[in-house]
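The same chain A turns up in both complexes below, where it pairs with chain B and then with chain C.
Take a look at the complex of A and B:
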């Protein structure tokens, strides 16, 4: 479970990038985080993943504070960045092994998991290639495999579908559903509103650092599409400004 | 022209951030204090050195010899630096795809790369040339023309050595782009060229040492070796437009020609280099089972840093060249000490026997170990080289302390064993006394650790996470420059004390130095655990 309490983040003591956000994402939930470019999605996700320090509020991963117990929190989760900026000089298998080493995954367990996902994403023939020779989509697949190979309880992803081929998108959605059934928590940002609509149980819309709408998918969108709700909210905000 | 200016502005703007310390942002201004102080110390030391020569030369109105000496020195440094800098700046920039997609001609793109090299070398050369020029002005009280000509010379000075270095770098890249094992070939070729340059300059020592005795004729010799230096001296003594035009022409024409000719094959080489990794695509050549091995987080982190080091030629050459030089020098003096000393002493009037030098050699070797250790700064680029992947590192479930320790350990694993092997070769060849054996071994462990800790702290203080090439991080970032200055200062201080230390007790000095640096290492480790970890968390990519 992820619990965000009164979280705010400021860059260079200037304007708040995220302003007093509170959210709760339960076990077995797939939660979509949507908003404009620069709305504060990545800042929130990076803060949950323990990449960014923040001044106000706190974030709890299964009851543990990311501020006070960062290692314990990180051991339970995986983070997939918006751009697959991986260790380019490593071979794909070395990178995945490296991540497994960090999460202290046993040889047997990692072998089973890695082989399963390599086959699923069609990367089994490229595992001994250097990451620098990969396309954007292949790098994204490596990032995803590394993230899920250690069986995290919480999965944080920033735009996970960007650059993936249609089959990989389908497979990834299946993996997310499977993880959800196992009671794991998935929190991800996306601009692909159709995917969010079909895949997620709950959704939050963030604008200029503030949550403008949050709830079950049905509550948020009603009879309309998520895209329409998002655009309407945008128009309302523009009128207010 | 407008396009070229925009291109230069865009490509240089990021690099020039290095020098932006806006006063409204206090922390940035505070960050500038250390580099500025270090630059002033370096310039002051160089100025003092120049003044020592000026005292001797000024009575005979030969102060200009200092300027020719410094022109030679900076040109040599530019050549050495440029050989490996050029490979990175010209060929490994991350904005290649962007620039190549723009409607800009090849020579213009190539020129921006060369311009970048020349500009940084100009700044670096100024550190040496400005103090020398100031000393000259103090002693000779020249007319206003001197300042104008000197400014022109300062701007032109890096051009010819940079072009020569670029040609070497260009050829190395051209050759290595044809091979699969291009990283290894690049490192070997660059190291060979650098060793050759060192060997050549080493053999000129006797000639340079004679400058004060045979000033006039030596200046003529230098002029013959490096024509622009002679022209500059002529201009500051008797200004004439023809010489000025010749000075401009001999610098600028080769630059224009080089840019036009080299840009013809530029894209070809870059696209060949872009084929990196394709040869791996012979699938199923390695069994996947072999690679599922579990390691402890710390050893996995060290492994990751090792891979980064050994897969980046510029990083390896820059940080490891001191060690390569140490191996070469140790083997050379161990195999043919008498011959080397004889060739060094050739033409010098110093009366000193080989036996006397052999008595001094353990202390000199100690100084050499300290100097090489201080100049082998691997960690000063390690954080910056992570670039955008720093987020992955930060998201790992290991403490920042462990991540930083892995970087320090990697540096020590790379440097200390090689230095110790060199020590052993030296001990066997020279039958060194036990006290000197202890000193040298302790220095071989303490000083690389000191350099590793200083380097990582400087990199955390001055990170450059958005560099467009690895070369920018390794050669042109604030952290690498500050670390090099600190290392240079400590290393040269040790050597200076050993060289002039006949009247003082060198053993006592070495004991004190090792004791002080042991304490410094301990303190730096504590600083890394507190301030370093704090900075690690603050760095945002």
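Take a look at the complex of A and C:
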């Protein structure tokens, strides 16, 4: 479970990138974060993942504070960034093993998991190649495999579907559903509203660092499409400004 | 993590070590023919033309270049000092900062590892590579000298270790400076500047009493080759000072990196 309490984040003591956000994402939930570029999605995700420090509020991962117990929180979590900036000079298998080492995954366990996901994403023939020779989509797949190979209880993803081919998008959605059934928590940001609409149990719309709408699909969109609701909210905010 | 760090930095270590080995290989291959020729006498005559200060700066006033070991004591160790210094400076300015430049720091920060552990691992890797470089060059030259003729082994071993004293300090200073920026380009220039400025200050400080004070601001004063040649011993205060300065910069790096906004 992820619990965000009155979370605010400022860069260089200037304007707040995220302003007093409070959210709860339960076990077995797939939660999407929707918003424009610069709305505060990535800042929130990076703060949940323990990458960014923040001034106000706190974030709890299964009851543990990311500020006070960062290692305990990170042990249960995996983070997939929007741009798969991996170690270019490493072989894909070495990178995945490196991440597994960090999470203390046993040799037997990782072998089974890695093989399963390599076959699923069709990377079994490229696993001994250097990451620098990979396309953006292939790097994204390696990042995803590394993230889910250690069986995290909480999965944080920033735009996970960008750069993936249709088959990989389908497989990724299946993996997310499977993880959800196992009671794991998935929190991701996306620009693809259709994916959010079909895949998520709940969504939040963020605008200029503030949550403007949050709830399950019915609560957020009613009888309309998520796209229409998102655009209407956008127009309302523009008028207020 | 340490294993991965060693792997990532292996290529650069090989390149810089090969440069020095290549240089010394040429010297060991060519030197016997120079020493045994008439040119040697001409070179000795030529040396007398140089001003005393100049000869002092390259230790040519206390050592002759009439043997391979003599050349090592004069010019050879200047190359070792400079190249290990440049390598240490670039390694120091790159080893932490590269994670930010390449944006891989996001990954590293999301896995269960503290920033302290990241810095300590990188520092250990850097110091190990600097030590390895000094040891590899030392062994290579030892073999080369053994094949070239007789030489003072104790003096040679002490001379081979000496560059370590300046290199670890340069590494410490540069890794600390790298915590103040986010781009490797900036610190790489500064690192090279520190190495060359320090080296020239050291040379100028040897040229006379009026410039002697400059040695107190040169890192290369810690690697006192001249003292090793004359006394066949390393000044223990220089060892203490080098270790103390390096540890101080390492501690400052850990503190600074812990507070740095990384993304």
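The definition used in the following text is that the second predicted complex is superposed on the first by the 241 of 241 C-alpha atoms of A that agree within 3 Å, B and C clash if a C-alpha of one lies under 4 Å from a C-alpha of the other, contacts with A are read in each partner's own complex, and residues count from 1 in each chain.
Everything below uses one rule, namely that a residue touches a chain if its C-beta (ideal position, glycine included) is under 8 Å from a C-beta of that chain, and two chains touch if they have at least 3 such contacts.
Everything numeric in this text was worked out from a predicted model, so none of it was measured.
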{"item": "Clash or fit (per the criteria above) of chain B with chain C on chain A", "value": "clash"}
{"item": "Touched partner set for A:14, first chain B, second chain C, both or neither", "value": "neither"}
{"item": "Contacts of A:86 with chain B and chain C, given as first, second, both or neither", "value": "both"}
{"item": "Which of chain B and chain C A:100 touches, first, second, both or neither", "value": "first"}
{"item": "Per-residue contact with chain A, leading partner among chain C and chain B", "value": "B"}
{"item": "Which superposed partner A:51 touches (first chain B, second chain C, both, neither)", "value": "both"}
{"item": "Which of chain B and chain C A:133 touches, first, second, both or neither", "value": "first"}
{"item": "Set intersection of chain A contacts, chain C complex versus chain B complex", "value": "11-12, 46, 49-53, 71, 74-75, 79, 81, 83, 85-90, 94, 98-99, 101-103"}
{"item": "Chain A residues within the chain B interface of the complex", "value": "11-12, 46, 49-53, 71, 74-75, 79, 81, 83, 85-90, 93-94, 97-107, 110-111, 114-115, 118, 124-130, 132-133"}
{"item": "For the chain A and chain C complex, residues of the former touching the latter", "value": "11-12, 46, 49-53, 70-71, 74-75, 77-79, 81, 83, 85-90, 94, 98-99, 101-103"}
{"item": "Chain C - residues contacting chain A, complex", "value": "1, 4, 7-8, 11, 102-104, 106-107, 109-114, 261-263"}
{"item": "Residue numbers on chain B that touch chain A, as the complex places them", "value": "25, 276-278, 280-281, 283-286, 288-289, 291-297, 299-301, 303-304, 307-308, 311-312, 387-389, 391-392, 394-399, 537-538, 540"}
